[in-house]
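The structures considered in this document are given below.
Same chain, two partners: chain A is paired with chain B first, then with chain C.
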Partner chain A sequence: MSGNVVISTKQVNMFYSGKQAIKDVTVNVYENLVTAIIGPSGCGKSTLLRSFNRMNDFVEGFSVHGDILYRGQNINAQDVTELRKRVGMVFQRPNPFPKTIYENITWGPKIHGRKDNLDEVVEDSLKRAALWDEVKDRLHSFAFSLSGGQQQRLCIARTVAMKPDVILMDEPCSALDPKSTTRIEDLINDLKKEYTIVIVTHNMQQAARVSDHTAFFYEGEMVEFGETDSIFTNPKKKQTEDYITGRFG
Partner chain B sequence: MNLSKKNQEKMFKFICLIFTSFAVISLVVLIWHILRDGYEWLRPELFTEFQSRFPRKAGIKAGVFGTIWLISLTAFFSIPLGIASGIYLEEYGKKGKIGKIIEVNVTNLAGVPSIVYGLLGLALFVRLLDFGGSVLSGALTLSLLIMPIIIVTTREAIKAVPHSIKYAAYSLGARKYQVVFGHVLPTAMPGIVTGIILALARAIGETAPLIIVGALAYVTFIPESPMDEFTVMPLQIYNWASRPQEDFHKLAASSIVVLLTITFFMNFVAVLIRSRGQKRMKL
Partner chain C sequence: MFSSRSIDKIVSSTLFLCGLLSILTTIGIIFALSKESITFFSKVPVWEFLLGTSWAPLLEPKSFGVLPLVLGTMMVVFISSIIAIPTGVATAIYLSEYASNRVKNIIRPSLEILAGIPTIVYGYVALTLITPALKILFPEIEIFNALSASFVVGVMILPMISSLCYDALRAVPRDLREGAYALGGNSFDVVAKIMVPAAASRILAAFILAISRAIGETMAVTLAAGANPQLTFSPLKSIQTMTSYIVQVSLGDTPVGGIEYLTCFAVGSLLFVMTLLMNSLSQVVLVRFQKIK
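For the complex of A and B:
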């Protein structure tokens, strides 16, 4: 595996009030590639993903031991708002702000002092999220008037508007219908040209379709990490094979 | 007797219905009585006349303006302070020891009888700060009285803001104050406004604490500054209702109609805002 490493962890352990959720994980996320994190429910996928932009800071009793680096720098040594600006996140359920479509996109840039050309930012972000054509005539209507799939693309557009480096996605399609899921998967393929993407999914077909690298987790440990093709066609570990062939999970 | 589950439930429903209708019927009877007694005296003079020894010449002008003064000042003090305290307690002070202590106190304060606030106002504002029996003393006393209500409803409204919205904002690199002022407060606003209206509606009806801080029942002028003496509608009503003449009782009834109309209207607006807010929050 080659390329620039964007995010890396070195033997990290994570705990919720003393209960271990991530065990000794060392993993690299490479630039302009899609890294999928797969594994059965409760294996720590979301925990690991949220630690990349320090969203676990909000969980009382959570602690990390070991280093997580973003572009070579320890994430705890940087300003957390700056980190989150660079490492954006799309959540499991669409969570647009209770505001208009337009305001949903401009709020992020605004709080970081970007006040000019907001119209352009809105158009550009919506185009990147493949939503522009559907909403260009109603930018000032409420975000909740959109369908679930549209809302999730709006959330992607909101993240893209920050001009991030990395986009983290936590099961972004789990609340969506198959058609919306396909659209988002297509979108991920487009987005990876410009962004580094980490996607958590419990859907193995989805991982196989969209990702370049796959990390398979089981009970807090990373069992296997490698190119998606080889993980799916030629897994090295028995556990991975069992999971992929649907023997558990 | 061996009632089946279904019958038990029917029975329970029926009992609830009886009690509810009891409350509704009493209210209707009450309003009907007041209307019957007061409708004749609901005429323009009621609003254009000051107090008088003669019922025909007496009106609630002083009370109306006194109430307007009092409630405006009360709103001026209690709304900003109440909202700020609510935000502080819910968003910032929750973890600290001081926050815990304040929290317990605020919750208990909401249940303290209003007369106790009157005594506090008398000692603190009327005597110690020497504001006398002025609108200012009354307003500060009522502010203390309704602030716990505003604080509690503000906190409830903030608590009801979905975490997913906050996380979305944080994930864009927002700082806490940006999340609070950009999303939490706007989303919580319908709930906060509802609480404020209900609190002010309560303040309008208060009488006991105002008597204690020295509001007068017989006033023939409109306050011109916060330091002026005053009366309020409920106090005039109380005064009239305790006179022997029949006509004063009718005058009291007609003033009650006015007072009830105002508080019903405020409650109605509160309900309206709340239901509209709920609609907006729904995904």
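For the complex of A and C:
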């Protein structure tokens, strides 16, 4: 495993009101690759992912012990809004704002006072999210008029409009039909040329299809981490093998 | 003993009776109000009541122009809303996005205490504390005046506005709020540009409820604003509101069935119609809002 490390954790532990959710996890996320986090429900995938852009700051009673670094710098030492500009997030359920398609995309650039041409930002972001052709004639209609899969691509476009470095995705296809899922998976393959992606999924085929690296979690611990091919064809731990062959979880 | 089906039936018919009771009560109120009002309007023309600028049903010569009472009510509603709406919304925003849990645990119970104080106490506070304090600023202020009454009515409706607006903000889906923060928004961006617009219809409903409460508020204004129906725009003067007129007549020894007694019902009907109109207006606004969203 080589390349530039974008996000890394060093023996981090995370707790919800004293209850441990992440145990002693050390992991690296590499530049321009897709890292998948897999494991059974409740094993701490979302907890770890949401700590990368400090979304857990909103959870009362949550605490992290140990360092999480973004580009070598402790994320707690950075301005949190700057961090979130660089490390964007796509959620499990599509969550467009109750505004127009156009406004959904320009919201982020606007609040950060960016001076670039907003029409261009909208077009460029929608093209990158493979949504442009479907919505170019109705940019000013309401975002909720889109289908679920389109809404999720709009949320990706909204994140891309921030010109991020990393995109975090928490089960981005779990609320979508198979056809929309395929579109998003294709999109992830395109996006990784320019962005570093971390994706949480409970769908192992998806992890195998889209990711370069896979981290397998079980009960808050990282059981195994490695190249996706070797995790799926030649797992080193019994637990990993049991999980990917469908014996539990 | 009872099958779950028959229990279901008992519960649903009990609930139906409760619903029926509230409908019957409303019909009863409308009936009582209109019966006496019709008698009143057979003696005093409607236009004289609605457009007359002098209200003196208890004095000779009698006059029945309700405008001074309407204006007095509106003045109290207007000033108290100007005080309470911005403060209430700001409090809700602060509680929702900025306050730590410890601060929340102080502010929210305090607001509940404010809401629980009997309104007569507010009237007393207005009379004995606020008016003297205002006299330092405005030496010409009268002992009974609209300003101090409006001030305490504002404080009275503040908890309602802040807690309803807080609930409205909390009801915004968590996904939406987190989505906005995930784009690097600060608390102000998120609350002002995403959450308040998303909660707008419920926030508006909170304002309307609070204004209705201010229109209907009785004891504090009776005590603090006086009983001097006059057509004035000065909040430093003594006025009378529609509700405090009703109190005045109800507490006096007005003979049942006389014209003085009937005025109460005419004023009550007008109050009823005003609230009804406002609620209908709010419905229209809400529906429109939802369409835009």
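Operating definition for what follows: the second predicted complex is superposed on the first by the 247 of 249 C-alpha atoms of A that agree within 3 Å, B and C clash if a C-alpha of one lies under 4 Å from a C-alpha of the other, contacts with A are read in each partner's own complex, and residues count from 1 in each chain.
To be clear about the criterion, a residue touches a chain if its C-beta (ideal position, glycine included) is under 8 Å from a C-beta of that chain, and two chains touch if they have at least 3 such contacts.
The shown structure was predicted, so the numbers you read here are calculated from the model rather than taken from an experiment.
**Q** Please determine, from the superposition on chain A, whether chain B and chain C clash or fit.
**A** clash
**Q** With the two complexes superposed on chain A, say which partner A:Leu187 touches: chain B (first), chain C (second), both, or neither.
**A** Touch partners of A:Leu187: none, neither chain B nor chain C.
**Q** Which partner does A:Leu49 contact after superposing on A: first (chain B), second (chain C), both, neither?
**A** The answer is neither, since A:Leu49 touches no partner chain.
**Q** Once the structures are superposed on A, label A:Arg158 by its partner contacts, choosing first (chain B), second (chain C), both or neither.
**A** In the superposition, A:Arg158 contacts both chain B and chain C.
**Q** Which of the two partners, first being chain B and second being chain C, lies in contact with A:Arg84: first, second, both, or neither?
**A** both
**Q** Would you tell me the residues on chain A in contact with chain B in one complex that are also in contact with chain C in the other?
**A** In the superposed arrangement, which is not itself an observed complex, chain A uses residues 53, 55, 58, 81-85, 88-89, 91, 93, 95-98, 107-108, 111-112, 142, 155, 158-159, 162 for both chain B and chain C.
**Q** Chain B touches which residues of chain A in the complex?
**A** 53, 55, 58, 81-85, 88-89, 91, 93, 95-98, 107-108, 111-112, 142, 144, 155, 158-159, 162
**Q** Which part of chain B faces chain A closely enough to touch in the complex?
**A** So the residues of chain B in touch with chain A come to 162, 164-165, 167-175, 178, 182-183, 186-187, 280-283.
**Q** Quick check on the complex: what are the chain A residues that touch chain C?
**A** Listed in rising order, the residues of chain A that touch chain C are 53, 55, 58, 60, 81-85, 88-89, 91, 93, 95-98, 107-108, 111-112, 142, 155, 158-159, 162.
**Q** In the complex of these two chains, what residues of chain C are touching chain A?
**A** It comes out as residues 101, 173, 175-176, 178-186, 189, 193-194, 197-198, 293.
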